[in-house]
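Down below are the structures I want you to see.
Same chain, two partners: chain A is paired with chain B first, then with chain C.
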Partner chain A sequence: MTVEQLGNISASICIIMAWSYLWKEDNPLYNLAEHLLVGIATGYGIGYTILVQLVPRINDEIIGNQHYSLIIPAIIGCLIYCRFFPGYEWLSKICMGFWIGYGAGNHLAFNPATYMPQVFDTFINLTNINNILYFLIVIVVIWYFIFTVRKDTPVRSGASQLGRYALMIAFGSAYGSITMAYLSLIIGQLEIIFRDTLHLIK
Partner chain B sequence: MTLLAANAAEGVFIFAPGMLWDFILIASLFVLVFVMIQRARVGLPIPEIRKIAGLEAIDEALGRATEMGKPVHYSPGMSGFGSEMYAALAVLSYVAKMAAQYDTRLIVTTRRPYIHPVASDIVKQSYLEAGRPEAFNPEDIRYVSEWQFSYTAAVMGIFQREKPAANLLIGYWMAESLVLAEAGAQAGCIQIGANTNIFQIHFFIVTCDYTLIGEELFAASAYLSKDPMLTGTVVAQDMLKIAIGCLVVIGTIIATVKGDAQSLIDFLSL
Partner chain C sequence: MDWEKLQHIDIRILYVIILVCLLIPMFKPIGLPIAISDATRQVYETIENLPDGSVIWVSHDTGPGNAPELNPMITALARQAFRKNCKIIATAFFNETVGPTLVYTHINEVAEEMGKEYGVDWINLGYRINADATMKLMVENIAEGALGVDWQGEPLDKFPIMQEVKSIRDDVDLLFVTTVGSPGYSDWMQYVAEPLNKPLTGGASLTMYSGLQHYIRSGQLKGFLGGLRGAAEYELLVGAPGKGCAGMDAQSLGHVTIIVFLILGNIGYFAAKKQRQQETY
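Let's turn to the complex of A and B:
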């Protein structure tokens, strides 16, 4: 038996174990698949972190390129383990503070840059029905997401309702197309079982 | 960082090129938020947030779990630190406080290792504020796996084994959204989903009892707390949205009259 055949058989067994959820929710086959997946992912994650993140940074960057300043974030990162030492838990908050502050700052600094091009794309000629529809839908959907203006007149509430309907039509369309993509994934899994492993189809 | 490094190399030190209007946008938001918070502080009237069904239903979901004597499952989504995660953690704070008051077990699962201690501290603090610090169980705040579908498989297993009565999936979700929400429905949970990912939110709409669509998530903390100062921030965001709506109208008029709105785009790209 080749390594490829062994891989196909293992993949097929794992697929069937995972799909056993559809037969019965709480069953040992699914539980085994679940624990295998979580365990393998954890092991892979630890290996990946050591080999791809930690070792190159220590060997190449800190020792090789003598970037000793990297030791500072490393120490701050290590503070997170202070959670496990009673009396020193507060030190781990320094690490989290850096992370949360970085997240907020980065988001505020660079997020608007992603929105402005979207606004520019709405500047279109109202010369055909598609563009008119596009423009109207943009406006009513923005209106729908305004939370603090009273929508107590027929025009205001009607526009908001129209925005909601527009969203639902868009979501319905996205649902259809993504479900098709998921079906192609299922076909891929069936091919592993019936073509690559059992050789029942070509 | 890359932009700053590039600008430093070119000798530009104040604004990154093409980001002046982004700066103005953010500065305007800061000013608006500050003004609205000041108004709230001195007691001037602040508009109310319209009814958001998904948020109203959180109390109902917790009440159901309490009546059935079963736990509540909460997940703040798949993202790292960013707007969705901050909003999801704000909702978690409310849910944890309510769970502590109702004496209902709350299970929180997280995907990111660095979110786990924050979620744990938030829940602990909420139990403390509710006057029931002894009810906080750190074992119920679980880091599952960094890997998307390992996390999904593990949470599905939790649904099977612990049969929560309510499942709150609040945050940013990707391809696992349908799998998790369907597993929650099979386990008999009342489900509230919130997602800012427009390519996946429809799965929550078809499988959850209530869904918060996109921006509704960001109004959540103000809506739930009824705090006028937090509501002030939502008013400020709304004002900015109205300004952007007006910009869309102006740009469209210019594009229709002149053939294109390139001059306006160039101006706004400074």
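Let's turn to the complex of A and C:
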């Protein structure tokens, strides 16, 4: 038996164990599959991170290239574990502070480049029905989310209602896509069982 | 007739019916036609219009859950890229456990078939923690972002491809990203595609399809492969029907089954409501 065959058999067994949840919730087979997944993923993740992330960083960057300045962020990063030591939990907040501050600033600095083209895309010629609909829907959906103006006239409430319908159509479309995606995933699992493992389909 | 019963069918019966409806066309394909959408055609043409020998950055940002939808895209992309003698630099920023293996397996399968060599024509850099920071480093220096090693910890210096491709800014011609969430298109756009004005294309799980329409419309995404359906269309354009096309009959029959259930459920709901009203009067 090759490693590939063994992998396919294991995958098929795990798929069936996971699917057993559909028949009866919280059964031993499903629980075993769940624990196997979490355990293997954690173990593999730790090993992979040490091999590809930590070892090259320490060996090549800090020791090899003598980039000793990297020790400072490493120490700040290690402070996160202080939350496990009573009385020193506050030190872990330094690490989180760097993380949140960097994340928020970075996001604000780089985000406009992503969103502005979409804003510019609403500046369109209203020459065909698609463009007119697109433009109107952008306006009514934004209007729907303006809560500081009373929607007490027929025009105001009607526009807000239109915005709501537009959103519902968008959510309906998203729900349809999700159903379609889940079917694709089931098909993928069935292929593993019936084609790759049992060789019953070509 | 007791319409209430229609709304309280054991869900497990529905699961079995859907399973059977998916399996039938897998055993006996119906051969339903697959129409190719404009978004898929745009992906194909974007890659086809690259000069021969270009460098394509492929990021397979997925985990095991959505792999069946996205893996066929990588296989088809590798085929189209290698046919044009393009080089591929691969990463997988979503899932450290499976992502790097998936991208390696699917590109390697095509590379072996087409006589392309690992380290010369393509390379897999795998997963790195903190995708955003890694992307930003790789824009200027790929080796620095990858910490000088490939997905299996082998030094990058020994691979000829890394002598030619030093940075995304100067050496990469196109980004092809398959994603299931974060990191996703917004990250690649923010840090790489928009600042460097690099074309970005790829595919995603269908769960994200509606949420990505604005990127396609604004031209920030050069085409889009939507789930298994998009993969099947792309395989047809590349001229190598594979796992994407194989699943399309089953998917179509699955949709029909779900639509029938939806209609029956609604008939049951309204009929039961009417029945209750009649009984009240």
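Annotations
As a working rule, the second predicted complex is superposed on the first by the 201 of 202 C-alpha atoms of A that agree within 3 Å, B and C clash if a C-alpha of one lies under 4 Å from a C-alpha of the other, contacts with A are read in each partner's own complex, and residues count from 1 in each chain.
What we mean here is this: a residue touches a chain if its C-beta (ideal position, glycine included) is under 8 Å from a C-beta of that chain, and two chains touch if they have at least 3 such contacts.
Note that the structure is a prediction, hence the values are computed from the model and not measured.
In the superposition on chain A, A:96 contacts chain B only, with no contact to chain C. Legend: residue contacts after superposition of the two complexes on their common chain; A:167 is shown touching chain B, with no touch to chain C.
Once the two complexes are laid over each other on the shared chain, residue contacts for A:56 go to chain C alone; chain B is not touched. Of the two partner chains placed by superposition, only chain C is touched by A:201; chain B is not. In the superposition on chain A, A:7 makes contact with neither chain B nor chain C.
Between chain B and chain C, B contacts the larger number of chain A residues.
Touch criterion met: A:186 reaches chain C, while chain B stays clear of it.
In the superposition on chain A, A:34 makes contact with chain B only, while chain C stays out of contact range. Once the two complexes are overlaid on the shared chain, A:146 sits against chain B while remaining clear of chain C. Once the two complexes are overlaid on the shared chain, A:26 sits against chain B while remaining clear of chain C.
Touching of chain A by both chain B and chain C, each in its own complex, is seen for residues 40-41, 44-45, 111, 113, 120, 170, 174, 178. Across the complex, chain B is touched by residues 18, 21, 25-26, 30-31, 33-35, 37-38, 40-42, 44-45, 80, 83, 92-93, 96, 99-100, 102-104, 107-109, 111-113, 116, 119-120, 122-127, 135, 138-139, 142-143, 145-151, 167-168, 170-172, 174-175, 178, 182 of chain A.
Partner chain A is touched in their complex by these residues of chain C: 12, 15, 18-19, 22-23, 26-27, 65-69, 96-97, 100, 126-129, 132, 147-149, 151-153, 186, 189-191, 194-195, 205-211, 214-215, 217-220, 226-229, 243, 246-247, 250-251, 254-255, 258.
Of all residues in chain A, those touching chain C in their complex are 22-23, 40-41, 44-45, 48-49, 51-53, 55-57, 60-61, 106, 110-111, 113-114, 117-118, 120-121, 170, 173-174, 177-181, 183-191, 194-195, 200-201. On chain B, the positions that touch chain A within their shared complex are 18-19, 21-22, 25-26, 46-50, 52, 80-83, 85-86, 114, 117-118, 121, 144-147, 149-150, 153-154, 156-157, 159-161, 178, 183, 186-187, 198-203, 205-206, 213-216, 219, 223, 231, 234-235, 238, 241-242, 244-245, 247-249, 251-252, 254-256, 259-261, 264-265, 268-269.
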